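Take a look at the structures listed below.
In the two complexes below, chain A is the common chain; its partner is chain B in one and chain C in the other.
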Partner chain A sequence: MNTLRIYAIGYLIFLYAPIVLLPIFAFNDGQIIAFPLQGFSTRWFAELMTITALHDAVLNSLFIAVLSAVFATILGLCAARAGTRHKWPFKKGMLGFIMVPLVLPEIIVAVSLLIVFVQILDIGLSNWSIIAAHTLICTPFCIAILNGAFANLDPSMEEAAMDLGESRWGAFVKVTLPLVSPGIVSSLLISFTISLDEFIIAFFLSGANPTMPVYIWGMLRFPGQLPAVMALGTILVTVSVILLVTAEYFRRRGLARAGLKDTGGFL
Partner chain B sequence: MTDLIELKGVNKYYGDYHALRDINLSIRAGEFFSLLGPSGCGKTTLLRTIAGFEDVSEGTLTIAGKSMKGVPANQRPTNMVFQSYAIFPHLSVGENVGFGLRRDPRSKDEKAKLIGEALEMVGLAGLGARAAHALSGGQRQRVALARALILKPKVLLLDEPLSALDKKMREQMQVELIKLQREVGITFILVTHDQEEALVMSDRIAVMFEGRIGQLGDPESLYRRPATRQVAGFIGMMNFLKGKAGAHVNRELTSDEAHSAPGLLDQLKRNLGVAEPAPKAIRQFESGVEVEVAGLGKAVIPADQIATGLHGKDCLVGIRPETLSIVFDGENPGGRVIDGVVDEVVYYGDMTYYQVRVAGVDEPMTISMKNLIGREVLEVGAKTRVAWDPRALVCLAP
Partner chain C sequence: MAGSRGLSQDARAGLALVSAPFLYAVLLLALPIGAIILFSFWTQDFLEIDTTFTLNNYREALSEQIYLTLLGRSVVIALIVTVVTVVLAFPIAYYVSFYVQPSRKSIWLFLITIPFWTSYLVRVFLWKVILGFNGVLNTGLLNLGIIDEPLTFILYNANAVVITLAHAFAPFAILPIFVALEKIDRSLLEASRDLGENRMTTFFRVTLPLAMPGVVGAVLIVFIPTIGDYVTPRLVGGPEGAMISTMIQTQFLRLNNAPLGATLAILAMLSVTAISLAFVWLNRRWLR
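== the complex of A and B ==
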């Protein structure tokens, strides 16, 4: 029992201690990332505010993340509903193929999409190429989350709504969507988070405007900007934690609303 | 009564699976109709076909004279109570009940009044504001009923609505459903696998096996005159004995056979003039088919209780446990009597079920006896006599 506890604590330290270093150095009043600390300062946050190229990168990333999340969630909704309601030939194989990007190395996705966009389609690179790629890698996550939401849903619900006079679409909008809405919210939040900090694909496919992770990677070449990167990292960690906690809150509220037991879920 | 729903030659295939086979069925306006059968017999498929959730592969379905081909569920004059009740958990009880009124042009106040009336009808008056997911199983079922009935459908479809309730609740709801059906006068079609439920509630029952209707009739004729062994075995308990059908007979009973001999006391009273004189023997006839029944001997079974085409052939004779009786000391058997040995006793409180071995019968026969005052419960191994009556026998194809 005691060794297990020590192991668990050690494991958590290994996981999270490096992240704790981020805010420590972000508020450190020295340019070199090393102990001993040199006093409290918020000047790196102030400096962040002055780098306009970074602002553009952040806006770019937000734009890409929001649209990728929306597209991936819409695709995930369709796939999850079809997968839990209907039967068709080769269903398992097809659903399996949709889930493949989950385990596919991102560098392979990045290189092959680069060839597709530049060589085959010849449409060049832009934010839209990144959005397409991010939608691709986020969709499996959305399906995994939404599958859970749809599997919990009594298939008679939609039929009952239709029986009471709603059209197929009306039944979906008035009954199914409200009941899976917690799943939709967590699907949106998770794909947003994945897209926001994705680096490899964005690095390969970004055109003239880098995304935030790509820009940060560029900053690393200049040691003087390292503390500012720490400050940025601190902000990102905070935002990510808030988003994920919100997603989980909505998922649990959805379960409670439908009167279901919590069976684990994605987080 | 006029026919409200008519199915002609209806077949339904799921790929290779033949779910409904040649269904021909008319359901009358205002009747309580049940589809009864074991799971997988196609009863729910048939109900969903009527509701419009499944297409008919072959054949025609008409409701109130209109062909339902291509008419979706939301445009049919039917409403359904689902097995899971499908109460919308994100809405309140009142919003659930009023769901079907969304497209109704009436004013908000009128709708609220209708919802209130519907809730009152199912005994949930005043619960309109409650959250739907906070309801008990029985209350959910009532909400589902109110939600379906508020639209005043021509037909209410009930898909095993009582199977999720406990026994007491189920029996209570059976009675309430019958009352409700009489009150609103809407045609109810109930799907159930519970034969007792079907017998209690229905005007007519269609018993289904493997996608076919095995027999259609009112509860009494189904129970008394099952047409096949499958139906006989599915509805109630039935003892099956081997038999051989013989010729048609129509003979006069002798007075001994027609009346049991009067007791000594009665005779004395009559001789003294204090009792009415013995009634003049009325000539009685028995008519039917003579069947040689294993263990029971020759019996004349009424013609409408013998399946057609069995003359001179081996057959199966069915007899219900409650039409047999153990002859207790001091009781006067009404009909014919055979000897037997008690093989098993199951005590139910109000009833005792005996398994009695009779010479010439392979399986022990089940006999149910009411535990009347003064009646002892026999022990295993006790010798006993069993009374039976040829009028209670049915003769079926083996």
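== the complex of A and C ==
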């Protein structure tokens, strides 16, 4: 038991090692990302403010991430509701197929969509091609989260609303939706985070405007820009931790509303 | 919702709901994969695609040494990453499931998943900073007097790729194993002890077999995406750690040879599928 505990703590150190280093180098005055440190400085954060191409990339990524999150959550809602409330032939196979992007190497999604967009449809690449692909890979995560929100939701509540004169849609909107809304928020936040961070698909599918990860990839080739990358990484880590804590809070509230015991994380 | 008429109505409602996400997956996943399969039988003729059916791409991919080396290495690295990740992850999942108080389990899982959600590119790059010649690890070990000169076998080769990917896929391995361990009825373990097994034998004869579905899930969810990873081999792999994804990218975006790139992508996918199926099959036989 004790050895196991020590191992667990060691493992957490391994998991957090890169993230802990990030702010250390972001606030380091030196040009080179190595020890010994050169003193405290916020100049790399100031430098970030001057790179306008990066600002465009961030805005691009935000646009893509918001729309992908919305689309993926809508598709996820349909699938999770169908999966938890209805039975139909080939149900397992159809739902399983929707979950495939979860295990497919992302480079396969990237190259196959590249061929379709450029060679077959000849519609060129834009933010929309990335949104289409990100919606595809985010949907399984949304389904996993929303399944948790829909499971054990008492169907009699919706039936009671219909007995009291609501239409099917009205009952869904007024009764079920509020009950699963924490799950929806959590699903939106998770898919937003995935899309914002996704690199390889965006790398293949971005048109003239790079996304933030694609821009960072370019920065990594220039040693002079590395400290700025560290600063940017620090901001990103802070933002994603805030988003995740919020998502986790809503996920738990959703479970509590559905009267479920908390059994674990997002996946 | 009883009776045959109710059931068919139920089925219709279910189908109507699932049709949107299902059609989306067909249009953006099944058809595009069909398209790369088709492309792999075509050839690039300067700027045009020659659509006569041919196996030339496969012939080229399977006879040129560079493609075979990269493909073989990708499979080997993915296998090593899978073994390392799952073996390292099992004790953590076991610890959280069996020794952490129920009320604190979700905070542990949360702690384990947080690093996974933070910028992938930056995380991989930081492994380069940690493992490099003047990196954090070498400086630390030199200062502590544990080593006399910097270790060089940990960056720009397959080792670095394994370490970095084992880090990147950690939560993917921990969570399925954890879920499987959680499902184990604790009274079975007591029964085993009552019947005279000790801790060790109980673990190997009761706990581990019952946790196998989770281990299988963890293996597949780590192994399959790993083979196509692009960022890690590019950043920390060096020439000795290059994998097939780099070549796929080169064929598509630099050499403008989409058909050969498609062929390599399909060969990578086929090897993954074959190995995964073999693994699942062996597992079933072994468990029965």
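The definition used in the following text is that the second predicted complex is superposed on the first by the 261 of 267 C-alpha atoms of A that agree within 3 Å, B and C clash if a C-alpha of one lies under 4 Å from a C-alpha of the other, contacts with A are read in each partner's own complex, and residues count from 1 in each chain.
Assume a residue touches a chain if its C-beta (ideal position, glycine included) is under 8 Å from a C-beta of that chain, and two chains touch if they have at least 3 such contacts.
Note that this is a predicted model, so its numbers are computed, not measured.
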* Asked: Who does A:Tyr16 touch here: chain B (first), chain C (second), both, or neither?
  -> second
* Asked: Thinking of the overlay built on chain A, is A:Met157 touched by chain B (first), by chain C (second), by both, or by neither?
  -> first
* Quick one: classify A:Leu95 as touching chain B (first), chain C (second), both or neither. => second
* Asked: Touching A:Arg85, do we find chain B (first), chain C (second), both, or neither?
  -> second
* **Partner chain(s) touched by A:Pro178 [first = chain B, second = chain C, both, neither]** => first
* Have a look at where A:Leu75 lands relative to chain B and chain C in the superposition and call it first, second, both or neither. => second
* Could you say whether A:Leu104 touches chain B, chain C, both of them, or neither, answering first, second, both or neither? => second
* More chain A residues touched by chain B or by chain C? -> C
* To do: Using the superposition on A, tell me which residues of chain A are in contact with chain B and, in the other complex, with chain C.
  => none
* Asked: Can you list the chain A residues touching chain C in their complex?
  -> 1, 4-5, 7-8, 11-12, 14-19, 21-22, 25, 33-36, 74-76, 78-79, 81-83, 85-89, 91, 94-95, 97-98, 100-109, 111-116, 119-120, 132-133, 135-136, 139, 143, 193, 197, 199-200, 203-204, 213, 216-217, 220, 229-230, 232-233, 236-237, 240-241, 244, 248, 252, 262-267
* Asked: Which of the residues in chain C end up touching chain A in this complex?
  -> 7, 10-15, 17-18, 20-22, 24-26, 28-33, 35-36, 39, 49, 88, 91-92, 94-96, 99, 105-106, 109-115, 117-123, 125-127, 129-130, 132, 134-136, 139-140, 167, 170-172, 175, 178-179, 182, 220-221, 224-231, 235, 245, 248-249, 252-253, 258, 261-262, 265, 268-269, 272
* Sites on chain B touched by chain A in the complex -> 51, 53, 72-74, 78-80, 82-84, 86, 88-90, 99-100, 102-103, 133, 147-148, 151
* Interfacial residue positions of chain A with respect to chain B in the complex -> 154, 156-157, 159-168, 175, 178-179, 257-259
